[in-house]
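Labels for the chains are A, B, C, D and E, by order of writing; each one numbers its residues from 1.
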């Protein structure tokens, strides 16, 4: 399946991926200014830039084949779509027990800062059907959305 | 600590209605002109630190930023410009030589903009380059006086040549003055487009050996990273005597830019200054240049063209003639608008010649002396677009070097702060944090796109003139007319006035 | 060993012959009647030995990358230009600009040298070039020196005679010079300082002197009896404060 | 192939999904003595708290059995097992044959034989029905004693508090959550709960449940003190519900003994989840690990193996994510080590009620506590899981921004580019 | 095409000089061999020689070597010479055909003595000769004075120096000083006058390098009536010597210290008397400081002076063997004709090599 991969050698640490991810998953997915300025709580990005310069890279859910979060989820909210492979959290079912955080070896599940106590994670922007916004908005091609072998 | 009299050059305007405090600007400004105020929970700016590189403006996701010229107005004085005053403040504070980057930015005449190109009408047809052949292939190197053919075969091989698909090359920029990613971008773009890039004097990084057939390796006074394998690695060797931005001046890569990789490439210890003396200390006279040219030819057994790069200076025609006679296969002349990683301001802005005049003078002289075929002529020093190139070739150049234009294609915004090592675009820096901002794949694509775009434009212009091979433009000054030039300038350029 | 006669042979042909000899597997080539031919040994790699009888021309051993080169005579200007590796032994004197930008290898010169010797000499990792000179050095000795070892023995020098010219070590920012005897302060570039020898220095000096004696004869103990002056850069960044950003 | 699964919780559901991952057609019959569609046991405290409504209790969507082709015989108790005949005998007497059987009956609450345990108002806290029953009897100010300050006890306590009960907790150990926290962390948790009005009686236990008219009215503690109460919740712990296996040749220790393929010593019979005693590779011994992720994974592996697969379950270790009010914590593995082979790295900030501790053995993480600093704690779990030598970056383990950043680049890239990385050999 | 004089043509070079201090004469063969060895220092666009003591039959006559590009020039020049001088003998300078030598001008020589009535008031014979040379070079199109000294002559042209030597049959001459020059000009002079040596009276200079101070030197010399028609450094150096030594009677060592002046730093270290002298020399003659790389050999009837610039930016080697003094750009050029000299040395920057005839030398 296609996933987002970070090419850390080109991550400029600008965190535009975080900004755009937050917007895309906010109440105003098409209006960045409203998303940040109108929404009471700052939207939570589902991608996290790990950074200790000069090293930085964006990290989001790896949508593991063997997704431990889906196995550990006590509520059945965390599911891997058997067709697309995308792991999503059904926030309406999530109870915020953070077992997914406990088992996610990538630390890629966030506690939503938006006030409701649910786990928040990358959904590969599956609802928009196209390129994840983090990839779209990376100014330096440091994020790629691919399922092809990548030479290093 | 006394009061500094220096004032900001730029003003950062932040539209608070648009600013979402995402701090992208804070993270992207190596000059720390944007600051996150933890207490206020918002971004603020320090104008004094802004260099107007436009990185923040470009990356701001809400377009909340505008950089303006700082509205400080000294009392009006036609003689004492603000820059003149500010320079004195800086020097009074530091006692230092004013150091800057990029090329001469002073309002000297730009002769390209006083030259007009011809087009075919009625008496001969223009050519449609989209559907008909249009040839730009260019060979650089010494051509034999005449050919000897026997039994349908060449009696003697042509001396080694550089073969270019387009008469454009990326000019010398060393690893050290620009980042490895910038060089990788240019090297890959050169490979893609069938042209050359030039190592500059910083040696050849191990990752770049694979671009050998598109590489010109440079030998400069510091001889950094010069060894037999290096000389063998490229398609040609260039002796750097001077560059347009700082004729007569050496180079100095400060130790802080000599990190591990630069150190390995230049073969000097990490953290030490890389000082390039002003002259080659084995060249104090023209016959010494011959000695060096032939030492390089001898070392590479006459398999590679050896070029010589010089800055355009007053006696350029004679110097070029001498270089041709010293055995150079290619002469590269860099006009006074050529860029640099660092140059003393006064040198950059006051020394040298416009490349247009230098080119015309050299081409004319070499033709008068009958030695134009012995040597190829490459010019650089602020080629800004394909029309400049067409004019250059019509004036007599074989090919052009582009440096600043290439860097602009990679994202350079000409803030002229290359010397600080804080290039926010990852070009003129060795700071790994900044270097990685330039993804060489993107860079290569952009630089290659530029070459392709110009290639198309050159073909369009040639087609308009009814010419379908670049050879027919070379030195074809009848395709040029001058406008707004004095008779003397027209005569040096060897072109007629518009209307003639 | 093979022997070539350089009498009246143009450098290009001579160098071709030398390369051909080495390419054919000869380990030692002796060239007789060398006089003025340039570029001998240029860019050659390998560990063979090349012996030159006479006065080789300029740019001897430029970019040389190996070889043991023995000059039975004097050398001219720009010897060992940008040399990378190898060893040169000159049984005589040498001209100006010996070892310009030299990065590796060793040079032993029995007598004196001209101006700008060791200019911009470098070092890199295990490559620490050295030039050992039996006589005196001219002006701008070790100018811009960035690494390596320069050694002046001043052998056979009259008491008051200067061992080195003025502007010694101007712009020096790396490496070390060992000068046998005193150098008047005014002759030193402002980027150089004189410091006392360490045990390690003594060891190095001993090594180079014993090599010198091995090639040219003499009494190592007697040479070592006279104290050496050690010169190093006063500052690794001699021009750090020269500029102010525009 | 006929598969029979006894148990309808994480292990049983895991097994269904495990079987279906390789056998789409085999017949699966699942038994549960509870009448419910599969629901999440850990959610019962959330249910009590009021955070989870009835319709959100279910572990899988309503059409789960249908889509997975499972005959779910809910509310059906299995009485006995004949290994020889390969059949189960139901409460009704009906016999059900199987080719492959998974015992996933989970655990049962431990209720010590204390006087008064049958009084009205005394509850256990394991099944949905337990909390449903308890819930009906709650009213603001109801005085409740909870026996046991373990995971279940405190989760119950939190919910009860939230529902307005006055809660006292009695715990035999010297600290709360003794299985997953050390003293320092436990102190912080206790302090936090105390701020919500919970009273604690540590190193104490209930000697007798006092009653009146058949209803609980208080408890007498071991030290003689009496605590009046209206409700009593017994949450001392669970033990494997091995009853079905008892009396057969299936080997039982504390739980049903299984090998790395979750197989019991009887061919065709597997066990998984809280009932099973698998390998704990941290303690390097067989242990019952009554936690949901473990149950599901064991169930899944068992399911795969029941179809004839050979999916090794290399063992697990204890891990928990839990929180009380606004104090979350994640812990795993050995948190209170004894022995010189361990090293502890600790960061504590009492003011912020933050406590982080990483336990190392032979350069590998074997346990950690992340109290009130849980974000990305899973990375540590992952390091434990993969037994990564953390020595090269151990100084970063406690850092606030600890992450892949601190891994050696090679390893980091290997992990982050898993699946698409192609090494180019120089 | 513009030629030397109309345009400045920097050039690099090889130089070589031989003198016999006892004034004994020897064939031009050696100097040709010596300069030929440094073939690669020149590019075939200039070669030349100065020879002293070659006209023993006319020791007191000014020997005018002239190049004519057209017959009219010859007529005009001869008219001028005849009006000012008694011409004792004249004729074509003997040459031989050499494959690489083309477009040679007509080379003619005249042995002359000034007519007393030609001298202006207070004018010396030398000055008349200078005036004549300046007139011919600047006023007579197609004529060029190659040399004008007594008992000496210059032979130069476009080609490699060894070819030039062959062309002028120099092996047939015998002189006591021979200077040679192989030129590497930065364009085609196409004109024989542009080659070295440059001469005036019996001064001759062969020069390697480019003087960056040329513009300052030139304008200073022009104040003293010199017409620098060639735009070459060599011409400026020649006139500088002429001005200092002949006109101002400055001792040779001071003249040398003027052109290759000690650094202020070194002057400060001199004893007070010398310090004062050198300070004054630099202050007065600062405009004659030759800045930039050069090595020169100055020839005259008294002997030779070889000199480097004060930074020693050009190479120069000297050697002696018996009565012979050798100087050359490269040691091998000396060894080519004197395989084992008694002494070989490289003079320091600004340190002259002076060779004077044992008899009659009054240069210093």
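Please note the rule applied: a residue touches a chain if its C-beta (ideal position, glycine included) is under 8 Å from a C-beta of that chain, and two chains touch if they have at least 3 such contacts.
Quick caveat: nothing in here was measured; it's all calculated off a predicted structure.
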Joint neighbours (subunit C and subunit D) are none
Middle chain, criterion being Cα centroid separation = B
When C-E and B-E are ranked by contacting C-beta pairs, first place goes to B-E
Just curious, how far off is subunit C from subunit A if you go by their C-alpha centres, in Å?
-> 63
So, in whole Å, the Cα centroid of subunit B is separated from that of subunit D by 68
Find the geometric centre of each of subunit A and subunit B from their Cα atoms only, then give the gap between the two centres in Å, rounded to an integer.
-> 43
Centroid distance [mean C-alpha coordinates] between subunit E and subunit D, Å | 106
Residues within subunit E bordering two or more other chains = 40
Residues in subunit B with touches to at least two other chains are numbered 291, 294
Give me the residues of subunit C that touch two or more other chains.
-> 11, 38, 58, 77
Pairwise, the chains that touch are A-B, A-D, B-C, B-E, C-E
Which of the residues in subunit E end up touching subunit C in this complex?
-> 37-38, 40, 265-266, 269, 311-312, 315, 317, 330-333, 335-336, 344, 346, 348-349
Subunit A contact footprint on subunit D (complex, rising order) | 14, 40-43, 46, 51-52, 56, 58-61, 292-293, 296-297, 300, 319-323, 328, 330, 332, 374-379, 381-383, 385-386, 401, 403-406, 409, 412-413, 415-424
Along subunit A, where are the residues that touch subunit B in the complex?
-> 7, 9-16, 18-20, 32-33, 35-37, 53-54, 137, 139-142
Of all residues in subunit B, which touch subunit A in the complex?
-> 17-18, 20-24, 27-28, 58-59, 61-62, 426, 431-433, 436-439, 441-442
Contact residues on subunit B for subunit C in the complex?
-> 87, 90-91, 93-100, 221-223, 226-228, 231, 252, 254-255, 263, 267-269, 271-273, 275, 277, 281-282, 291-292, 294-295, 298-301, 344-345, 416-417, 419-420
